[in-house]
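Okay, got some structures for you below.
Next come two complexes, and both contain chain A; in the first it sits with chain B, in the second with chain C.
Here is the complex of A and B:
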């Protein structure tokens, strides 16, 4: 094996071609193909973006030092949890920088909601974070109820908490499966979907839909619990812990899994707070912030709820945090079913409501963190401004923080541990 | 199994009106705020779980730094940073929602931004996570956050030239119903104004007016583009 002198740069074949082409064109008296343009100075070797850099950060990402290259992961990459592009700057197999490029799923839901009535807004927000649809409806429902000055009946609040916790369980369960899938383990995702399907059947029994439930209303919920829901809930409750333990048994102690998650993507609590990371990802870094406890809404003040935290803040901690929260949610569901009162499930609210001019903020703890809605009413039938803060959108900013120095192959494994959903990221 | 909606019970059993005028259980927070920010604080207002005040857009960094670093306030977490457009002739607002362990209320800080020159200081040095919020506000509203080192579009493509969440950006399918009848001064032809295709088709067919079906109607005097 011949040793190459590291000082001597091996010329890029494309550069050789370009030089040869320029020489031929110059000999023939033709202008060079790519005239020198000052705004592209320093970008010839990159090729992208096909425009001058706009910001200092973009300049930093696109400027390559010796030995670095840019790699696009996505937008159609099967493991990007939706349609997203990660622009990865690498040196060999080691990541130097990451720039997430978003917007491939942008539907302008906020603008659509500003042109919809308050009741129809609750259907528009469903496909945002499509794994936590119930939470998507919960925050606007809280905000609109504040705006309109109505409170949901007690039983409706209990049913809300029940379906929301069920939704959290299947969302966290899917995260376990996807995390293993991104490391090459194909089996757990199948079991995750089996577990999810049981819950989805249950929720479809109560709401009539399997995925985009459209279950919440301003001032209550659409339907009361019915026999099918209760019977499915009982069946599920009788074996859910065994299922989760089987999943754990498959994943938690797996040697490959632990090797690829322990110490990966470590965020300290301070960094996580600064980056706006919330939810299980923040609690895995040791910060006991849970909206259900920190700023209680719905019936959570009446339930026994301990905020669980982990210490290490790495991918493994985020995984363990999810498992702990699944068990916590099951405990919450037990309490909710025990305490659920009788009564109406809807307050008397007209189909088209016109709240008095005002502002309201509704925040809930979604499986991905703090999901909040800021709604402004001008007295008309649709919200004047409808603002959604999606947790996975903000958590995605952690990727450029935690990934430099790691291998390309771990990018998706770490990203899966943050559990972003692109429908929510792109709104 | 069919879903049976329960019969509606009597009105008195239904949801009760919640009094929005009652102040939050956040008297201590209100007192501290009025002490610390006597000069900046305007229109202090409380909801049942929110304390809100307005500040001048030029003072946002100072106020938010104080809110974060003051040990009595300690609003360590930026829950949300939203931009609001109050329409042509009015102003923009950048709205911050903050959380602190010490106070049982969300704190909402509304910073007013001039609409003709929408500039406000960045807070990405206080919370790094404000970056995506500010990029979104820039993309959707066109608010410039001074000092933000990555202020580029985040959802729309880089060559897009409009700010779609401004109130004078009217959705194409709403144009017929809009008071302005489709006038949209913010959209530029290079993005998604279809008139250039119509014009091109009309020129190809040799009938220059074919691309402007509204020419000659009573509204033609307005700056109508579709």
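Here is the complex of A and C:
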């Protein structure tokens, strides 16, 4: 047998494994692990994908009726919020079906974290959801502190809450801008970036970095607040509401904006719960669930915090929800600054920690929803298993639910209202 | 030898050459305005490196486009793909032929110049449709079809909106219409509804924000222009800005007295001085409206394609018909014909 002989097909080892497994399972009276591939004849005409579809859902998306067309939006597209591919099935301008295809930004962060020591994991999770870096660090910090049995000092908890709320404000602010940008409004995004820049300057004064802050530590935070941070915070606080209002003034009452967002992408509370959507997207559908209130962590029980909800669950409600949360976060920051105690910012923790075998779960309310970390320790210096639940991934699952029947133009506008960040979706 | 004919032909050739040459600085100026004004609206600096206060930025962009590689997709229909930018550009350039810059400064001043204008400006849709089809790209195709639907729909209210003015003035020539406005006041006073319809429809006709459905960068990447590069893309780009200039110029000629100064003094300025005076006012008013279009681009989001078509057929068209009906009755009842 030569390698060039076209008649002889060298079996794929994976297929062999599968066949062997299925044979064993059949002998034991069990169903095969993977169902048989569905019969499908259409992909020669469509051209994509270059293989027969593997699931019934794939086949549903790829089979075209008369007058339908598949349109790939992304991974290279001006407004897919990163590298995401939306496979859109359209009839004229009307969307028949939509299928988000993920994985273009997969960096294997979970695996990287499992090979890192507990203290260095906090540097790897930064670039996941790159618009809420502080939250990314907060959840593993909580989980590891539970695992190791150490508590961060009071002042450290206050500083954590402070930077996390600042991060939430600029993330929600950018969502306002991107939503307008995806409808063709050029200016609001730049106003949002003015606000973001001020906050980022502030956070870089305290952490030393502008985007991937690497600020949290197991048992505390890296630095105490310094003079530059305080002075920038004061300046920013004195005009932040004006900045937000200026941006709101351009968008909220705009006829075109409201006509394109009201009633668009409506998700009822029940649908949102059954999909697992959390955060502002869930609260915009009228479900009062906020991790800060439902499963309090850090210092949130000590702060005055109301769960804000909207009623309609459409794109406009999600937008209003973000604005309300920005104002709420500013209120929280005021309280935190008032109440901040003196003391150390870092508990005594060795450089390499070896927690006792066990499991721990840490959840925070990130700007995109419930972001949580589940870590298992086997007693070694690095986590045995490190699992992250990213809220953008789950928000994105709502797209096939809300889009059919809408127009191509609404795809991006609705997606921007869910505010997914691809770095978090693909990990 | 018919010297009249040769002289006329020479004048025509000179005028068309001048107009073609004029499109280049016009596009450069408007692109520069757009970059700078939108930057100021967004609290940015805008171009400030090339030349004093960055005034050569758009020219540099123009030369950059010239220097870029000109690619054609493998499966594109090469012939039509090459022709499409030319069609769009020529539609814009040809409609400048009847543009009333000033008394004595109209390339071709004939008695049906308004009809000619609306016939020629509509031709650019052919180029966009051809570009969308020839590119062999789904985004281009969607953009091209949007262009066809949008521009054909908006042509109807656009044309109907000025019929009221034509009935009132009793002429189809731009220069006579402006002369009528000199005697009876600007048509802005006589035809306010017509002005509103014309303004909205003209923005849609030239694909400006908030009706820039054809490009729609957040949905269709760049619409029919997606596969174009180099100077072919440059022609589309130029044509778009020249069209903005033309529509603003026609708007002020129809409703804002064209080359007339806002006050009647000096009424009897004739000859070369009158031409210069007219050109001054023409450009001032035109660029005022160009600035308003740029301002809107910096402010407004884009409407959706179904909302856009709905507005053309459900709002603008009935309104234009009512406007025409009322004007016609008024002309008969008050005996206003030609006033």
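Convention: the second predicted complex is superposed on the first by the 387 of 427 C-alpha atoms of A that agree within 3 Å, B and C clash if a C-alpha of one lies under 4 Å from a C-alpha of the other, contacts with A are read in each partner's own complex, and residues count from 1 in each chain.
As a convention for this text, a residue touches a chain if its C-beta (ideal position, glycine included) is under 8 Å from a C-beta of that chain, and two chains touch if they have at least 3 such contacts.
Since the structure is predicted, the reported quantities are computational estimates derived from the model, not experimental observations.
Looking at the shared chain after the overlay, A:338 reaches neither chain B nor chain C.
The wider contact with chain A, measured as residues touched, comes from B rather than the other of chain B and chain C. Contact with chain C, but none with chain B, is seen for A:184 once the two complexes are overlaid on the shared chain.
In the superposition on chain A, A:370 makes contact with chain B only, not with chain C.
Shared-chain residue A:250: touches chain C; no touch with chain B. In the superposed model, A:412 makes contact with chain C only, not with chain B. Within the superposed three-chain model, A:242 lies out of touch with both chain B and chain C [touch as defined at top]. Shared interface residues of chain A (contacting chain B in one complex, chain C in the other): none. Chain C meets chain A in the complex at residues 38, 41-44, 138-139, 142, 146, 209-210, 212-213, 216-221, 297-307. Contact residues of chain B toward chain A in the complex are 1, 3-6, 8-9, 11, 13-20, 47-50, 52, 76-80, 82, 84-85, 95, 97, 99, 101, 104, 106, 108, 127-133, 140, 149-159, 164-165, 171, 174. Put simply, chain A touches chain C in their complex at residues 69, 71-72, 77-79, 93, 180-187, 190-191, 194, 250, 254, 256-257, 259-260, 407-412.
Contact residues on chain A toward chain B in their complex (touch as defined above): 49, 51, 54-58, 102-103, 106, 108, 110-111, 115, 146, 149-153, 205-206, 208, 219-220, 223-224, 226-228, 273-277, 289, 294-295, 343-349, 358-361, 363, 370, 372, 374, 376, 385, 387, 389, 393-394, 396-397, 401, 426-427.
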